[in-house]
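Just so it is clear, A, B, C, D, E and F label the chains in written order, and each chain counts residues from 1 on its own.
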Amino acid sequence: MRLSGRNLTCVRGGRQVFSGLDVSAAAGEALAITGPNGAGKTSLLRVIAGLLVPAEGSVALEGGDNELSLPEQAHYLGHRDALKPALSVRENLSFWRDFLGGDTQDTQQCLAAVALDHAAHLPAAYLSAGQRRRLSIARLLSVRRPVWLLDEPTSALDAAGQALFVGLMRDHLAGGGIVIAATHLPLGLDARELRMGGTG
Amino acid sequence: MSLGPYASFIVTSYALVTAVVLLLIVWIVADYRRQQARLREIEASGVTRRSGRSAADMR
Amino acid sequence: MSALAALIRRDIRIALRVGGGALIGVLFFLTVTVLMPFAVGPDLALLSRLGPAILWLGALLASLLTLDRLFTADHEDGSLDLIVMSRTPLELACAAKALAHWLAAGLPLIVATPVLGLLLNLDGTATLAVALTLLAGTPALTFTGMIGAALAVTLHRGGLLLAVLVLPLSIPVLIFGVAASQAAISGPMSFGTPFSILCALSLFSLVIGPFAAAASLRHGLD
Amino acid sequence: MTLTDLANPTRFLALTTRILPWLAGATAILLAIGLYQSVMAPDDYQQGATVKIMFIHVPNAWLSMFVWGVMSIAALGTLVWRHPLADVAAKSAAPIGAAFTFLALVTGSLWGRPMWGTYWEWDARLTSVLILFLMYLGLMALWRAVEDPSRAARAAAVLTLVGAINIPIIKFSVDWWNTLHQPASVFRAGGPTLDKAFLWPLLVMAIAFSLLFITLHLAAMRNEILRRRVRSLQMMQASSSRTFSAEAGSASCEGNGSKEIGIA
Amino acid sequence: MSALAALIRRDIRIALRVGGGALIGVLFFLTVTVLMPFAVGPDLALLSRLGPAILWLGALLASLLTLDRLFTADHEDGSLDLIVMSRTPLELACAAKALAHWLAAGLPLIVATPVLGLLLNLDGTATLAVALTLLAGTPALTFTGMIGAALAVTLHRGGLLLAVLVLPLSIPVLIFGVAASQAAISGPMSFGTPFSILCALSLFSLVIGPFAAAASLRHGLD
Amino acid sequence: MRLSGRNLTCVRGGRQVFSGLDVSAAAGEALAITGPNGAGKTSLLRVIAGLLVPAEGSVALEGGDNELSLPEQAHYLGHRDALKPALSVRENLSFWRDFLGGDTQDTQQCLAAVALDHAAHLPAAYLSAGQRRRLSIARLLSVRRPVWLLDEPTSALDAAGQALFVGLMRDHLAGGGIVIAATHLPLGLDARELRMGGTG
């Protein structure tokens, strides 16, 4: 399995963010996208996730499920955490599990994996910033998707949370998954680096 | 030529159509002049556009 | 399928829990109805003649009021991104969201109709006719309104602009809804013709709405 | 000159500049002939001299629908082929269409007063035209309200296609519901029922107004292309005059704003 | 003072940009008015009798459609925290926000009234009367609605019931507004009585609104 | 000047987050609040900012302006960045400058200090995550307030941005200001640490 995008150009708000960019990542490989603020890391992730249409070029997953498009085989973890404050932690998670569908895991186990099981009944409005982020991470676990697209995944996590998350990424990679993460901090595992900006 | 008892209606409608069409024309011509002037102004200030690009890479 | 069921369940749950949405709609409906007797004066015959029109107007405006944020809330918290990426076709997801909205905000209006009918001096048949036309017609309001809600997300605009864009689309629904109820109450015309046109409009919008909304979401997200 | 050549804004501009004078001339001549014929047309035995309003009412009414049709095709171009020239065509057609619709409404009302005894009646034909007018205004508001032209274009395209449903409603409203307005007498199955003395001036006026629309539309499209060119040049100006600090995203430095239709 | 001016300027600017501006308000009102004859039927005499009610309903809806998020938007992006912490008394800040809302959403409607009066077959005096009552009454709609908007921010703390209680507060305004305009047009009653009640309601809400809103924001933030 | 809170207890959503907590910071001093996710760092900052009413105890600024309360002399930089997408970068900043009032600075200079001056005319909707954060930081500069309450201020900032921000904090401290920051990462300057959670 191999994710590859060729000659990608992205235009936002009438301005060109990047052009002629190639990305690729093989199964079991982690790719860290780095670069200064405004370089286009988030934009690139959104192009891969199919949320932005590139002005040129295209991305595809070779060797994945042929019936499904790349976005359908990917998890996207963005800045906005897709949680409804009115619903409880468990309700939030099990909604996404049911809605995303496919190969699902037990909700309670996923919550335990991010150390949120004690808060399962709390409304999501009551969560602290780091707890929200943990809940988003639990979503990655609740449904198996080969490609993880992560936008600054460790922000707001404490040291224990970061260690825990590195463990989860390792497991995912060991299972043949792909991780593409935009980050300003070291990812904490071996990753190829794609540096944006600076050069152009 | 007599227009009958409803002359005012007929004349008004013809006049209105003329007025609106003239307004459209004036607006479009004035707009053209304005854009041309702004373009000249900008190009005078040194910004030039790259030309000779084909239709394919235009979008 | 279960994905859609999950989406519907979630949206209804949120609507009921945070309240706002559904209840404000019913309250607005009530306000419109209560206001009319003051506008028209204490002429009971006239009031009952205007009854269906008033109820329909109230329903239209109430759905406009609540529909506005159908997609905006999901956009702001990032849920919409995940919905667009999911394996569920976006058209179906849009339809599910509209259905959930109708169940949470449209259905209560219909349930409230008999009570309001009393206020407007409508008799049993008239109330029944209005409730029936509302049942057949409000889905059309929701599903055309959904187009506006989707445009709201892609334009980063809300409120009045949308109302302006969407209202013209819902005028036919209003015309036939009122015509059918009038026919049932007094009219020389038959109830069947306008009612079947109303149903046709609803079916039509059930198809057009999700497609137009999905198209505008697909092309407009960024 | 192939279709792809036409799609290139620069070629389009050149072509427009070349043919606009001819179009304008043809429009003027046909309008003159049409007006002369309308003035000379005999009085109707029923409607008297007011039948003269027909020669301007009907072309405007036809065009109000035709322009929406043009915008719908442009909308398909925007959504399916993502073609920027289609955005331009749709945007510049809206005000012209709105003007024609307005004229159809006003001349219709002015005709209605002597014929029906009222300026306005809430019947299906009249109201569906009014809705058309409101939708034109809504579209114009949308174009104005949204800064980013390509975003506005896609939203407007969806709305235009949805609004296209209104066109058959306008056309057939007179057949579906009994209205004050008279049914079609020119474009109908079984040929026109109109007297030759009225048919000819009407047809000439219709062609003249269609030419008028084409002329105005091309000119407005030219303006819009220029406007976008100005906009992107301004953005380039803004970005070239700034000094980029190392961390301020030099990735976006190259070719800012260049991917707009204006730069070609 | 300049702090309040800045707040008003910002809110108006956002409203004009996001909602699309005064033009959109007028367009919205126009569409709502155009809806009426469809619902009520093409009876001009009846239309002009219903005219004031229709205009008042349009005003209520226009203010509800946008008022709803008066504070929620600021709460969600964190601006409200800073406003609460600032040196400007919260009551004044609330009043400024409401004023900005009225200027952006209420005033255009009043300016548009004469045009709509024509469509609804109202004569000169009637149009003037409606415009006058709207001028006197819409501030009350805004300032009572503001209380609901403030409660909406704290909704998840169980304030739903209160929010439901607020909408009815605007019903008296509506009733006296319509009554006053009716009186001016046809009624046996005098224009003065309901109009002065309307003004009293407005003044009252100008005082109560900011205090209630500020109180609920102060206790509801978390 | 000295900020001190005594015996603070905070209850949120019916649960006690912390109790009997003392905080204090003198002029020119930075206090780093650390602790695991959900420990109550954000809650403590909000108590100090007057946005949460403590169940017990109180906080005050001794030696500050006597006419003003502590919140009125403080800047709060939270997770949510108080920006309006519809307004341009400059409009956003100058609104807060005018609204917050007091001792104000030139907008353009503040933007330059966070390297955002080239984007002054862009709508805030167009900013990347890090650019938004920079704009929030510019707000701290545009109006002088002695107390800065910062909630994970460096999240989303790139390396250059973090260095720049450390410099700004140093300047603020050197001018006799107080910085209280909740953070999971080292602040990058000498700071007393208040560790929350773990024990209670």
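Everything below uses one rule, namely that a contact is a pair of C-beta atoms (placed from the backbone, for glycine too) under 8 Å apart; a residue touches a chain by one contact, two chains touch by 3 or more.
Note that the structure is predicted; figures quoted are calculated from it, not measured.
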item: Joint neighbours of chain F and chain D, given as chain labels; value: A, C, E
item: Chain of greatest Cα-centre distance to chain A; value: B
item: Between the pairs B-D and C-F, the one where more C-beta pairs touch; value: B-D
item: Centroid spacing, where centroids are CA-atom means, of chain B and chain E in whole angstrom; value: 39
item: Length of the line joining the C-alpha centres of chain B and chain F, rounded to whole Å; value: 54
item: Intercentroid distance (Cα basis), chain E paired with chain D, Å; value: 37
item: Two or more partner chains touched - positions in chain B; value: 59
item: Numbers and ranges of chain E residues touching at least 2 other chains; value: 17-18, 20, 24, 27, 31, 34, 38, 41, 76, 156
item: Residues within chain A bordering two or more other chains; value: 12-13, 35-39, 55, 79, 86, 123
item: Chain C residues within the chain E interface of the complex; value: 18-20, 23-24, 27-28, 31-32, 34-36, 38-41, 46, 50, 53-54, 56-57, 60-61, 64-65, 68, 76, 156-161, 163-164, 167-168, 171, 174-175, 178, 182
item: Chain D-touching residues of chain A, taken from the complex the two chains share; value: 9, 11, 13-19, 35-40, 55, 196-198, 200
item: Chain C to chain F touching residues, read off their complex; value: 156
item: In the complex, chain C residues that touch chain A; value: 2-3, 5-7, 9-10, 13-14, 17-18, 76-79, 81-88, 219, 221-222
item: Residue ranges of chain D touching chain B (in the complex, touch as defined); value: 4-5, 7-11, 39, 43, 48-50, 52-53, 56-57, 60, 82-84, 95-96, 99, 102-103, 106-107, 110-111, 113-114, 212, 216, 219-220, 222-223, 226-227, 229-230, 233-234, 236-237, 240, 258-259, 261-264
